Amino acid sequence: MTASIATSQGILVVGGGISGMTAALEAAECGKQVILVEKTPSLGGRTAQLYRYFPKMCHPSCGMEINLKRIKGNPNLRVMTMTEVIAVSGTRGNYAVTLKVTPRYVTPDCTACGECGKVVASEVADPFNYGLSKVKAAYLPHAMAYPQRYVIDPLIVDTAEGEAAKAACKYGAVDLGMKEETIQINVGSVVWTTGWRPYDAAKIQPYGYDRYANVITSVEFERLCDPHGPTGGKILRPGDGKEARNIAFIQCAGSRDENHLPHCSRICCMASLKQTQYVREAYGDGENAGKSTIYYIDIRAIDRLEDFYRMVQQDPTVSFVKSKVARIAENKENGNPVLHGVDTEGYHRYATEHDLVVLAVGMEAEVTGVKLPEDIILDSSNFIEGSRDGGMFGAGAASSPLDVNRSVQSATAASLKAIQVIYKTASTEAA
Amino acid sequence: MADNKFAAYICSGCGIGDAFKMAALEKVATKEGKMSMVKSHPFLCNAEGVQMIRDDIANEAVTHICIAACSRRAKTEAFNFPTVAMSRANLREGVLWVVAAGAEHDEVRQEMAEDYIRMGCAEIKKMNLPKGNANRDQTRNKSILVVGGGMTGMTAALAAAEAGYEIVLVEKTDALGGFAARLWKRVPFSGPYAAPQATGVAEMAASIGANARIKVHLNTTVAETGGAPGRFKIKLATESGSVSELTVGAIVQASGFTPYDIGKLPELGGGQANVVDQAGLEALAKAANGGAIKRADGKDIKSVVFVQCAGQRDETGTHLPYCSGHCCATSIKQAMYFKDANPEVDTVVMYDDLRVPGMGEDFYRSAQQKGVIFTKGKASKVTGGDSCKVEFADLILDEQTSIDADLVVLATGQVANAGVNLDAWTEVNTLAEGGDEGAKQKRTEMKTISILNLDYRQGPDVPQFKHGFADSHFICFPYETRRTGIYAAGPMRRPMDMLQATEDATGAAMKAIQAVENAAAGRAAHPRAGDLSYPIARLEGCTQCKRCTVECPFGAIDEDEKRFPVFNEERCRRCGTCMGACPVRVISFENYSCDTVGMQVKAVNVPDEDEEKPRILILACENDAYPALDMAGVQRLTYSAYVRAIPVRCLGSVNTIWITDALNQGFDGVMMMGCKKGDDYQCHFVKGSEMAYYRMSKIGDTLTQLGLEPERVVTEEVAITDNARVAKLINDYAAQINDIGLSPMKGFG
Amino acid sequence: MAKKQYAFYPGCSSQKGASASNYITSFGVMCEKLDIQLNEIPDWNCCGASIGYGEGGELPRMVLNARNLAIAEKDLPGQDIVSGCPACWLGLREAVDRLHEHDRLKTETNEALKEVNLTYKGGSKARHMTEVLIEDIGYAGIKAPVVKPLDGLKVAGYVGCQANRPYGIAGESFENPLYLDKMIEAVGAEAVPYEQKAACCGGALAFSEPEKAQAQIRQIVEAAYDNAADLIVTPCPLCQANVEIYQAEINKKHGTKLNMPVLYYSQLITVAYGGSVKEAGLNGQVIRAAKLDKIAGG
Amino acid sequence: MSDLNTQAVARYKNNFLREVEERVEEGNMVKMCMQCGVCAGSCPFGPHWQHSPQKIFMMIRAGKREEVLSSDSMWMCTSCYNCIVRCPRKLPITHIMHGLANYAHRLNLAAKGQPTRDVARLFWNNLMKTGRINELTFSLGLYFKDGFIQGIKNSLAMQAAGLGLLKAKRLNPMEIFGGHKCKEKSGIHRMIAKAREIEDRRRGLA
């Protein structure tokens, strides 16, 4: 796709997670021309990597299926994966955007038949599982991946394996000669739905994420519990592959901390409350029930999410300790993390051993450290407030630490703001 | 209609050609499928294959096509032929990828593929290309009614007007602004989150006044709402009693909230002197107008205590069980009122969990900077009077203690103004229709609190979700409403702060705009966005049983005086629940009907008993169970080759005739796969799964009458992630069928 | 090539005949080989240490450090101020930072400094000797002069508190600093894993709360034994003294047999550079480091 | 001394937080604590004190003046700085603890015979003599702080260590006759006296 799309009537949505898909669809279903760019090979973003949602415990892939169906059926919406925005010039109503498309080495002719994967032996860390497992260097990002098209990792492009993959494809869909492309497009408005990334847990030194194998992050825990994850849904700890039954959840891992992220990431309390129910799901509440302990400062389960909090409070397999854990040590004998701290309600010192520690890592704006157009306004935590010229908007977790529901709400609002820009441009052009 | 020409295209790519006898498949399509044109192609989804089909449509006047290749979920961009009716026979994900490898399975694999071709052809024979809502020329009104002139309503009105839509803004009081107008200042909307900001209410009201597209009706309420998206008929009533009528295309309901009655909190000093709620404090702050806030009795305030969660997060069942979300930040803001005017005033915020998510943390820090004291404690008793006393348990210092103050502010919660609770309404209404006078009386009373006064058969307001709020039940779709074209926004949808309310209002406006555009184009709204099919009823066959009108999850069907169903296509979400409900099968869609599925069932070739090859029919929800089956294929999980799967829009659309037909024809078992039901139901058509269970419980009896084991029809909850589980379910069921033996009905079909 | 010049602040314990005199001794060879010249701040005074707070209060302690800073500023202009003692370094660096941040404090400090006819302008840089070695010399630079790699010597790198918090070495972590291990490896010894590397020895409370402090010290020593270390190495005189001297006490009280040598990084370096037992101040050990003595040829 | 206390009580009534903010080193940061408790869990002497730092801060806000100033907690601070580097609100906890100890000491509300309090006093007076610490006289002073007999016992108890240092030439008996000193000794005395005067003036302790 080298054609340049030139129209001030178009809307560009940057980032193909749930917010981007929503912003793009809402506008497209109003008849607006929309381009949705995503830097990874498939849509869905971090939401696709979640096992279940709070508070309904339903599956993100369900809504994903609906949105994908909407996308597949919508002629106004054009999806570009492995594509990033590298420059934006112009102003409200008329932006010139430069896109960089990284080669996938697989053309749209791919039928996802999987023959190429069969002949490739090399493996790469599977980004879908946050590197907890490996995947063939010719792979489908995940079972529901859209576009349903394989990706060939650069690792094997100039190798015999690459050639083998090419040979294995009956449909000539493997193109090892693909080069990086840059594309110019013109749009009237831009919605930034670049989302978030988990804060680098290794920076939270007292918790030893970089030193202790059995200290993991909340996003990794999602993958561990997902039947499609690296352990087939079994809660096996990375240290020794043993079943983890006694699990600690540490809140504000990076959040509400001036040494790390000064803001509250909003979702982590609910995420951990939800994850205690994964433990329950895995072990029940009978004889060999699992045990979850949540270490927290404040439980921020607002509005009706309070119901879920209360339900978990009444769960005999879950206990709460009001304390920011001071540090984690490791029991050398069994590799168990040992949590040291003080329960501040009253004042009770503890040194508690757990099988596994899950750090409820904070949400860092994905654009942190990324060069954005001059005109973009960021808040003190690098979340996107909008643009000075009023033609670009932040939405979803790119605009604030938000849960999925709030992100979709925010994205829906943002698409109307974009439509306003298009409308005004059109009417002034007409005038 | 113009003569139909039917064509089948069979792809031999992705190994289909190697695994199946293509010639036999083509034969089935021609002979049994009665396709007037059958073509095979080694790579149907590539440019050349697609062009071949395009040419046939253009040159051979093909009107109906059956694509026998991969799943209907795959290659949708390639196989996109908007001008013809199309069915997809799922040979790849549905057969090739899930039937065990090896020659010993060749026969059953081939049979399965042939059946899917038969089914695909049978389906397309009964399908027509949907033309969209026939009445759409009467549904072109694109103006939007916004009910409620508070922050949410004003934002929604402006947001839609700015995009070029005409707005009617209705406010029951004599001024715009709502609750926001009662505030001295608001919690900041953008960084730096350090100090209270001006509410901006006056400016908004002004720009609304200045906006030619917004027509404001003050002192006005909605007396009646009828019609549907694109043609809502609204009756507006003013205080004077005068009633005016108008037509709008969609509705945003922003009827706001009422603070929880402080009078219900005597234990916390509610009703006593110098104990106020947050609204009361705002009033004092407005009176002070930036100066030192004084008490109602005019005395200076040297110390003030804010008691959080007053009558909220209540576990006793007496007060509000939920958290209103905004109150922590609001108390922080109000404490700043005092500190900014005079740092000497002691301000204590007494909280259990301090809930200031996101950037609220900055606001919290800023308050600490200003000297606001935060105490983690649970207030047990508040005494008002000239010197107030708050008795509380200090959770950090672990002691029962008390603190004196000149003023105590109770952070009470938000109670939604969402109108009539439909569950209560339905009860009363049923009695009333039964002639119960008391109920009729009650019904009239109930209507007095209605916001929209819908004349819908299913009640006067939008359904409420939890705790009286009209929220969506879905996480991915906060605006997925059960009343098409009506969107709830602000604190009547969910407890929320002002910032979220403005965002929510903009989102709701977006959906309202979408609704009018959809209605004008005669197509469905979410989740079947763009679907041009709609229910067609042959009323001459209707028995006025009312099942369709009762069971429609979206209140799309009313009744005329003769109790015949009146379909409002624009309200309809195309789930087919009415079709599933209809005992006389008079309801159908152009591309989805009792026949399109029924003929597929009939098309399946059921072997005689002696062949000992059972046949199991699967009716799978197209949004969750069918993708799960697909992905089982993508992951190359194998399951029994005796099953034949048909995707359905929703289990709610399953008409029992399909089951009985299947059994009569000799099917040995029927599996229905739908979404989770119950409180946390996952069905996007609300009750589909529930309906199926209910209807099948009925069918159980008929089975026994037919002398069939009840196990021959099962209903399963299948989530979209259940790839592995769905394969196991099938195999276990196949084994079970094997145990109970083949159906005695074979050969009678 | 020209020597690197630094204003040197030895601190009380590093004086001749004081508890860390062997530490300072070992600086000799090390600095010579690394072309470092330390110019002692004339007539310097005590930093007040951390324990000074009880009687001293904020400003008097600030002023004590400001005097040293001011003298260095005057007599050794442009030279970074270096100390081998973390407490001294911390005192100086906190003074530099706070006097920079708080004008009021600076005015008050200078008002007091008038009594000794000094003013502190500000902008000095206070550094610990390890900072100088790592940042100005570099690990490769530390390695270069090695003539006797300390092969087979197992060393527990005990960073302690104040050499590590709140400042420490730029880019290092407070919980698991690696710089000392890297220095140990640079001179050819083996840095054993050591959980207690950033633990507290009790500091000045070794005097006032001996039981509590000795409990800490015991863990610190035992962890070294657990990891089969031949000796402990530290950048801190107080840590060195506490951990070395009280082992006898602990043995007496608890019947343990602790006898773990505790040395300074500079002593390792000196030996690796070919320095003698005397030059390395190894004769200044209460618990002699037999293995190192042997390498040093003593 | 105690009149300093009565005077303070009179001046701040029951607003102890204000008193701490105005009179205690870094006291103005006390209000920023959010009660996470990470400091409490980070202190090496944690198991030994009455109140954790975060609890002390809460007590200050709650006006528990006597309890705070007579608490032994701040005297248990080893200045390890663990709390400071882990505090999510960047409170200079170590300094606040030092400040509280110093203030309690000035008001003479700190526990009598609190060992660290005595050591701190000894240390300071020792360094004030010459401008530098004289380790010998300091340690002897330590041993004899509780009287002559106890002193002999203490020194015998510590003999091993003492002799060890002596042998290692890291304890110089000659130091008893003065030893190291600053030339500008008297100037330093004036300087410190001045500093004290300024600080007391500022803190209203003059």
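Every chain is named by a letter (A, B, C and D) in the order it is written, and numbering of its residues begins at 1.
The rule we apply is simple: a residue touches a chain if its C-beta (ideal position, glycine included) is under 8 Å from a C-beta of that chain, and two chains touch if they have at least 3 such contacts.
Quantities reported herein were computed from a predicted structural model and do not represent experimental measurements.
The minimal number of chain-to-chain contact steps leading from subunit C to subunit D is 1.
Contact count check for A-B and A-C (C-beta pairs in contact): higher for A-B.
Of all chains shown, the one whose average CA position lies nearest the global CA mean is A. Put simply, the C-alpha centre of subunit A and that of subunit B have 24 angstrom between them. Mean C-alpha position of subunit B lies 67 Å from that of subunit C. Note: centroid distance subunit A to subunit C, computed from Cα atoms, is 46 Å.
With centres taken as mean Cα positions, subunit D sits 50 Å from subunit A.
Shown for subunit C are the residues that touch two or more other chains, namely 174.
Across the assembly, subunit A contributes 206, 256, 322, 327, 344, 347 as residues in contact with two or more other chains. In subunit D, the residues that reach two or more other chains under the touch definition are 34-35, 54-55, 82, 85-86, 89.
All chain pairs that count as touching, in label order, are A-B, A-C, A-D, B-D, C-D.
For subunit D in complex with subunit A, the residues that touch the partner chain are 34-42, 46-47, 51-52, 54-55, 82, 85-86, 88-90. Listed in rising order, the residues of subunit A touching subunit B in the complex are 18, 25-26, 29-31, 51, 53, 56-67, 69-70, 72-74, 109, 111-113, 140, 143-144, 148, 170-171, 226-228, 256, 262-266, 298-307, 310, 322, 344-347, 379-381, 383, 385, 400-402, 404-406, 408-410, 412-413, 415-417, 419-420, 423-424, 427. Listing the residues of subunit C that touch subunit A in their complex gives 173-176, 195.
The touching residues of subunit A, when paired with subunit D in their complex, are 206, 252, 256-260, 297, 322-327, 340-344, 347, 349. Those residues of subunit D that touch subunit C in the shared complex are 25, 44-45, 48, 75-76, 78-82, 84-86, 98-99, 101-102, 105-106, 115-121, 123-125, 127, 131-133, 135, 139, 142, 157-158, 160-161, 164-165, 167-172, 174-175, 179-180, 182-184, 187-188, 190-196, 198-199, 202.
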